[in-house]
Each structure stands twice: as C-alpha cells, then as structure tokens.
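Here the chain labels run A, B, C and D in written order, and each chain numbers its own residues starting at 1.
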Amino acid sequence: MKLQGIIPPVVTPLTDDHEFDEVSYERLLNRMIDAGVDGLFVLGSSSEVVFSTDERRREIIEAAIRITDGRVPVMVGVIDTATPRVIEHIRVAEELGADAVVATAPFYAIIGQKEVERHFRLLHAATDLPIFAYDLPQCVHIKLQGDMLVRLGSEGVLAGVKDSSGDDVGFRFLSIDNEQLGHPLQLFTGHEVVVDGAYLSGADGAVPGLANVNPDLYVQQWKAFKEGDWDRVRELQTQEARLMRITSVTEGETGFAAGVGAFKTALNLMGIFDSPQMPEPILPLDAKNREAIAKVLKEEGML
Amino acid sequence: MKLQGIIPPVVTPLTDDHEFDEVSYERLLNRMIDAGVDGLFVLGSSSEVVFSTDERRREIIEAAIRITDGRVPVMVGVIDTATPRVIEHIRVAEELGADAVVATAPFYAIIGQKEVERHFRLLHAATDLPIFAYDLPQCVHIKLQGDMLVRLGSEGVLAGVKDSSGDDVGFRFLSIDNEQLGHPLQLFTGHEVVVDGAYLSGADGAVPGLANVNPDLYVQQWKAFKEGDWDRVRELQTQEARLMRITSVTEGETGFAAGVGAFKTALNLMGIFDSPQMPEPILPLDAKNREAIAKVLKEEGML
Amino acid sequence: MKLQGIIPPVVTPLTDDHEFDEVSYERLLNRMIDAGVDGLFVLGSSSEVVFSTDERRREIIEAAIRITDGRVPVMVGVIDTATPRVIEHIRVAEELGADAVVATAPFYAIIGQKEVERHFRLLHAATDLPIFAYDLPQCVHIKLQGDMLVRLGSEGVLAGVKDSSGDDVGFRFLSIDNEQLGHPLQLFTGHEVVVDGAYLSGADGAVPGLANVNPDLYVQQWKAFKEGDWDRVRELQTQEARLMRITSVTEGETGFAAGVGAFKTALNLMGIFDSPQMPEPILPLDAKNREAIAKVLKEEGML
Amino acid sequence: MKLQGIIPPVVTPLTDDHEFDEVSYERLLNRMIDAGVDGLFVLGSSSEVVFSTDERRREIIEAAIRITDGRVPVMVGVIDTATPRVIEHIRVAEELGADAVVATAPFYAIIGQKEVERHFRLLHAATDLPIFAYDLPQCVHIKLQGDMLVRLGSEGVLAGVKDSSGDDVGFRFLSIDNEQLGHPLQLFTGHEVVVDGAYLSGADGAVPGLANVNPDLYVQQWKAFKEGDWDRVRELQTQEARLMRITSVTEGETGFAAGVGAFKTALNLMGIFDSPQMPEPILPLDAKNREAIAKVLKEEGML
C-alpha cells in the first residue's frame, strides 16, 4: 500500500462541555470520504492531539476506525515528547487497527539530529506499521534533515514524510533526492495554499487542514494534477487560498486558536459541527471573529 | 509553608536496560538530604520527565516520597503538552503525596499569553496543591510574562516561579514587582552558575541541577548568602562554575545529552549511580567524554 | 516600464588582492545579457553589497551601467542600516543612471512594522526612481508584511518586491492580494530551486543568484512558463536544483561563504572569473571544496 | 590605560529638523563627566550609530572629543556591516582622536565564528587603537564565543568586551576564563538592571544607557562595589531598575523606539535635551507615552 492523494488531518469536534462529539465527527468523516479523499489522518496537530488525554486519543481512534470502516486508510498520529511515550501510543494504534502511524521528532528536551535518527529507528524496531515522519519545526523546534529522511526511507525505516515545515526549498531537494533513490518515501505537503507548488516539486499528495472545510477543492485539484491540467490546478489553488482566509481574518488570536479555531467555527457555521468548542486552555472564537469567518464562507459560496 | 533555599531538580538513574534504578536513587536523595538541601524537585526537565512514561513517572514519585519520608518537601513536575494532560499528572501527584507541583505553559501547539494565563488558572481550580510556574523558554518556546506571574501570585493562583529562562533582566523586574506586592511568589533560579546574581536580585532560593553532583557547594552558598557574606558567596559561585564545566567539556553532544549526560556520568564516576544510562533515544556519553568529565571532577576534588 | 522575467543578482568579482575585477565583471555581464536575461540587479546581497565600501559600490554601479549600455535595465541595491544612509545610496544610484533601486527594511536596530512602512515612504519621497522592497528576513531579521506591501504598491510608493523570505505561503497571499488590487507590484522570487512554484503563485519573474553560473536555464524556463509548457518548466527546475548543489556540497562553510563562495568558485572554474577571491573577512573556498564544486559542474555539463 | 568603571553609551540629541544638536550634547556630556563617570562611549547602538550618515558620525565624534577635552577617555563605535567598512570608520576615529574603538561582528550577511575571529584580527592589524568587542546578538544576530574572546584577548588583539548579550551564564564563564589567563580583557556589562550581578561575576565596569538619565546612581554603585558594600550596591540597583521603567511604561513601541525614545524623552523632560527628536524612520514618543515617562521620573525624584 502506497498512500497518495488527499489525506486530510481531521479536526476533532467537542461538545460544549468538552466531551468528544462523535455525532459531529461522523458527519465530518462521511462528508470527506464522500468527497473522495484518499485517506484520513487522525490525531495530528490540527486534531488537537497534544490537548487530548490518552483516553480521549483512544476514543478518537476508535471512532475513526468504526466510521471509516475500511473505506479509506486511517493514519494515526502518535505524537509525544520522546521515544518511550511514542511507542506506547503506537501500541494503541496497532491494537485499534491503524493503517499507518505519524510521528514527529522528540520535543521539549533539546536534542540533535543523531538522536532524531535513532528515535525513528527505535520506532521502526517497535512496530510493523508504516511510519510517516512529521516535519513541523514550528511546533517541534527541530527541522528533519532531508538526507536523514531519504536514508531512513531507503532502509525501510520510514514509509513517507508529512512536510509542514514551510521550507519549500528543502522540500524540493528532498523530492529530488528521493527520486534518485527510487522513490522510497511517499511525500505529502501540509501547506494548504501552496499544494500546487508541492505537486510541481514532486509531492505524492497533500494533508490539508482546510479540506475539513472544503474537501472537494482538494480532491478536484489532485485529479487536475494527475491529468496534467495546470491551469485548473492553479485556479483551484486560488480558491483554496481565498477560503484559507478564514484563518487570518480573526483578530486577537494566534497559532492554534486562530487556525483550528477558524476550522471549527466554519464547520459549526456550516452545520457539520454542533459546537465550535476548543480544547482547554483555548476558548472558542468570539462573536466578532465568528462573523468575519461567516463573511469569508459566504464570499466563497460555502454558506 | 513557604519553600526556600536549595531544592535540586533530581536526576533519575536508569539501569543499563532502561529500568528505573531505585537503589542508586536512594543513594542520590539521601546524599542531598544529608548535605542539607531544603527540598527536592522530581520530574523536572533534568529528571527526564518528558522521556518517562506515565508508569515511570509514578515509580519515580513513589520512590521519592518513600525515600524522603517527610525529611524535606517534595515538589513534583507535572509537565505535559496541555491543560487536560497536566491535570491528570496533578491527580497522580496529589494521590502520591506531593507537597507542591511544578507546571510549564502548554507547549507544541502555538498559543498566546492569554491561554497561558488561563492554563494556570485552570490548574489552580483543579487542585489545592501549591503550583509553581516553570519558566523555560528554551524547551517550552514561550516566555512567561512577569506581570502575569505577579498577578497570578497576588491572586493566590501561583505559589512561586522556577526561572530557568536565562533572562536575568526579566528576573530582576519580576523580583521587584513581587516585592512591591508583598512577596506573594517564592522565586527560584535554575541557573547553576549565576545563583549569586539571582540572590542579589531577590531570589528565595535555587534549583540547581549541578547540586546532584555537589550539593554541599549550594547549601553552603545559601548559608553564606543568609549571613550576608558576599565574598564567600562569590567564592563558592566560582567553584560551582568550574565544576559546571563537566557539561561543556564534552564533544559532539548538545542540549539534554550534554547536560544531563554529564550529570549522570559524573554520578556514575563518583559511585552514586550504578550506570550512566540515558533515556531513549539518547545514548550515554562515550569513553572520551567520560574521561573529560573525570578530569574536571579530579581538578575540583570530586574524584 | 514594468520589469519582469529573469533579473540575476550579479556576483562581484575581486582580484586576489581584493580590488574590483572589471574585466571579469564584463565577461559575466555580457554572458548573461547574451543569454537573454531581462535585467540585472547589482549591489544585492549576493553582490557582497554589505562588504563593499561606498567607493567600491560606486565602482560597481559605474561598471554595470557602462557595460550594460542600455541593453537591459539595471536595478541597484541601496542596502544599509537605516533611512538616512539608504537615501545617500539612492542619490548615488540616481547620479550614475540606475533604472530602479532595491531597498530592505532598516536592520541592526530593532524596529516595528510601522517604522518599516515609514522608511519606504521616506525613500519614495526622496526619489523618482522605482523602488523595489527586498524581503530577506534571514539577513534583515524582520519580515515585510504582505498587507503593507500591497498598500504601498497601490499608493505608488513601491514598484515591486523581491521576495527571498523563504515563505511560499506568504508569497501566495501577497500575489493574490496584489492581483485583486490590479497588480500594482511586480513580484520576483529570489529562490533558485522553487522558481516554478513562484510562477504558479503569480510571480512576474525571478532574481536567481544561480543564473550567474547558468543564465540559460532560467531564461529558457521563463520562456517555457510564458508558453504554458509546465513539463518543460519542471524539467528545467530539476536541472537548476541539481546545479544548485554547488552551494551545499562544500564542508565547513555556512551562509555567505558557502553560497556566494560556490558561485565565485564555479565562475572561476569556468573561466569567467579570474579569481574566486571573497571579500574580507571571508576566505575563498579551499581546494577540497573547490573539487567538490568542480564535480557538480562536470555532472551538470558546465565544465 | 586599562578602562574601567562607568562608561555611558552617549545618546545623541537631534533638533526638531533632524540636525545634530551640539548644545544639548554639551549639556549631557558635562553632566555625566561632572557626576564622575570614567569614560564615554559614543556611536554605540544607543547613540543611533546605524541611523547616522558618515558625516553625522564625524560630527558626533568631533563634538565628543572637543567637549570632553581629555577629562575622560572617549571610546568610539565603528559599527558597520563588514570589515572593509569598519576599517574606514576606524580611520576616522584615529584621525579625530578616539582613545579606543568598539566593534561588533559583521552583520547582515550570515557568517560563522571563524569569520568573526578573522574580522577582529583584521581590525587589529589595521590600527594601534585598543579594540573592544561588542557582543549584542539581538542586533548582530551572532553570539561572540567566550573562548574566542579570551584567545583574542591573550594575544593582544582585543582590549576588552562590552557584553550586552543578555547571557549572564556566558558572561560568568567568560569572566572566569579571563581571570585564569591573567585578565587580558576588560569586561563591561551593558545591562542596566543587573549591573550588580555583573560585578559579582567579575565585570570591570558598566556601559549603562540609563546613565544618560541618571549618571549618579551608577557612579555611586561602582564606588559601593569597590568598597565591598553589597547592601548599597543592591539598593542602588533597585533604584536603577525602578528608573529603567521609563523604557517599559510606553505603549505601542518596541525596540529602539521604546528604549532610546524613552531616554531622549526623559532628557527632554529634564531640560537636558531641547528636543526628544528621533532619527528617521522613528518618530518621537507621543504625548501619552511622554506622560507615562514623566510619571516615572517624578516617582524617582528626577523631575
């Protein structure tokens, strides 16, 4: 199984009192699967994985596996601070039926590249599941080196990379190196508004958070790319970028609150989520920001 | 209870096969308590908290409480990525008998100061234990603002601050503000080689990792400070700084591997730890680095 | 005059004793103009502008204007720490016949966005020459905000942007905003290995340092883009990326020494520069690095 | 001549129309010399050196030399982007009678430690004046390594260091290393509110911008330190820290505008400067911020 295409990182709905809202979750997943996505990525950064207790993580995986019911592969994030904790999450993912796991480098403790490499090797020694390396230096505070990634790919340690590093130059070199070695790694971009550039660079697909709000655009864009219709690819990219403004029209919010807050608010406005509730210590976006998001959704024909 | 004085962040010994080594731990704790430390801080950064599974964390707390047996207060780190997970660690700390807990801001997800403030308020609402804020932007990637800290102190949300931010200017302002409000916060520095400057700035004590290797120096320095003997304070500071070179004489290592690696290697060389084992994915320091550390220990009369 | 297409930032040859080597310069410029570049950018970062005295800067502009002789427009960098110094450089550029000037935000002193905006307004008030904003946060340590750039563009303060910020997401939004306002800004990318992605994003051209070494690739790629031949655009991008490895095969060098050092060494190996000399305090690349670069050049058919 | 004690970095007064205000400058310098400072540092960061044209720099040095008239030594900043430009400034400093020069590492272009070291060696080869290295990574974006500094000190390349790096741990190690080699470097701290900690660490003096506003506090503190009266040293430090709040009570300003803006506004309020004018593109602080500063000055008995 080589994963490719559109694999959205699934946002996690909460009830107003911070319980997992499985009904909304089912609506969200079915809508994306019906739109034709090629897989789902649960417990990624946008899924509020680091805000979720181990019990909550388990709830989410179980629901995703049950709802998906084999229609598309399910990748599961096993994100935690260091190897021993990550391996525990891998055990749960294995038990519950994940198709692949996604792991970052260790974080919080300051480490070097040799420890990052050993980390991935230890994860591989611990599981038969395909492992995707998640490159997200804004959160993890270390960049995964391209030469390390292709080495681990060609040795069978890694199955692929989800690149959200914001480093398009690095991604290009990674892609060229990967090609020279026979394409051992499946490469995905996590940047919603430059998916087209990533396809030019050789990406095997995208993991766009915005596909929670509009999966169609990304599915159509992937098809256009496969057909070599670059005008259509660009046109859809512009539509995606315009819709992505839901994450920047808000005021007084930064980072996770602005980004995932906008996704949840949009999904709530569109009737897919019953509540825009955010995980503690984040509050849902206020009325004014909600209005600003509604305005963008209307302009883009989503409301 | 107002904590003050020398409260070392306790390094965690492992066996060669990565089990918790309670025998070495007992030697370490008794040596520090016998030297006259005023408390112990377990499950801090130097205690490899983020490398430890929940089960390992529990083992460590239980051992610390059992060994300490009320001789000195035990502060317990409840370090995790966000509020819901931190509250789970607080529950364990309460259950096992901690005297206080130490929490960082949330990390990994990018958040703002208002979320950090809400985080500490939610922790306080969840427990009666005194809460110490841990300021460590090198790992947490956000600086705790001084005005927020004193506000939370004067409202009874926080009992104190462990400052390892490397920002001596900020610490001075924090100390002056705290004084003006009647000293609601107990302030501790985590920087081994400028403890004297922190005392001048108004610190109520220190949390020096190096005190694992030589607790006497810090206990004597605290006494000299209380007696107003600044020449002695400085003299001891110079000795501490010279000993601290065990963390910089190594080659090819950075961050946690260099720092805690040096502490563990020194404790092993001195016969206090049976093994210099490090948590995965970190390897113990190699023979050459071990020699370099032994040389410093000899020069400083520790071997 | 709307600048567009390929406008290489011209590398500055030095003699072994650190004089400006006008003979090599003439070879370099003529070769690029003959290849069909659309303009030249002198005194940019790659032109060692910040290593050049005011007298040296003048020598370089004079030579560029003389050699170019109106065949293509000449953009002149007026890079310095703050407004009054930049305006002095603008005066010289005007006097010597520049077609446009390129300015960064102020640097060294820490300032905010409002001061950056005022800076560009003051520059515009001081000259009739078209002003291009140079976005290079790796050197300038402040990112030019997209909304400020398009505002200054629509008011006629700025004629365009040279984006070397490494932020492809920001560039996409800048391009879309610029389009909505009627395209007041001409947008150029400075990133050699993702020029294709920038074209997809709406760039009006590229300012690739690597075009000093091989201008043909970039000129052909621009033509392919104008003809909508994306397969050819990508194919040329891969060739460019492979050639760009001259900047990463070196060992023991970073930043300017690795990048411009590689360009100068390649130009020297190819017989265009008489010497690979670097400006003080940088030394030319050593024999081993020179060999590594020669190897890449041979593989890419440049030697 | 071994420089030591209090050497304020002199703020530069401007007239409302951005000319150098030599009358105010004379008032400022005489007031500091009368207060007993041990030297003056002109054309440092706080002197708006990077906002000043070469002609303005010359005006300032000439005025400083004329006014000082040998009463105290004058250190002159020769701050520019790279070696050839810095050497030109050194020539002017020599010509006009400076007693020492102060140089940073090169900035803007990204370089490594070996180039920094070569830079200082080239400066030393170019002049007989004592050279002080200025460590200011917030502006220069590279940290001067302690081992390099003491090596250059023991070889006679550097006469001393002005440390404004905000790294008190590094300063302590620098001081201890310097002592072991026989104290070749004179070490100064630039951090106004932790001068006492720097004295404990072994500093030979301070270069506090705040001494422009109140030179007495720093002169008295230096005397108290020389007499071993640490209680007095601390007491004065608290007064200095309280006065330093003029730089943080402002709203909507950052960096240079907040810091030097506050100094100029205070000096204007106190009648020492005729105008609070700031160099372009910075505006003087607004009325509300001016009031906030006046309030602090009154509380501290300066108005």
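Just so it is clear, contacts are C-beta pairs under 8 Å (C-beta built on N, C-alpha and C of every residue); 3 or more make two chains touch, one makes a residue touch a chain.
On a predicted model such as this, the values are computed, not experimentally measured, just so you know.
Novice: Based on the averaged CA atom positions, which chain is farthest from chain C?
Specialist: B
Novice: Rounded to the nearest 5 degrees, what is the angle of the rotation relating the C-alpha atoms of chain B to those of chain C?
Specialist: 180
Novice: Express in whole angstrom the distance between the two chain centres, defined as the mean CA positions of chain A and chain D.
Specialist: 49
Novice: Calculate how many whole Å lie between the centre of chain C and the centre of chain D, each centre taken as the average of the chain's C-alpha atoms.
Specialist: Result: the chain centres lie 35 Å from each other.
Novice: Considering chain C alone, which of its residues make contact with at least two other chains?
Specialist: In chain C, no residue touches at least two other chains, as defined above.
Novice: For this structure, give each pair of chains that are touching.
Specialist: Here the touching chain pairs work out to A-B, A-C, B-D, C-D.
Novice: Which of the residues in chain D come into contact with chain B in the complex?
Specialist: Going by the criterion above, the answer is residues 166-169, 172-173, 176, 191, 193-194, 196-198, 200-201, 228, 230-231, 233-234, 237-238, 241-242, 248.
Novice: Tell me, which parts of chain B touch chain A in their complex?
Specialist: 45, 48, 50-54, 56, 79, 81-85, 88, 106-112, 115-116, 118-119, 122, 138-141, 253-257, 279-283
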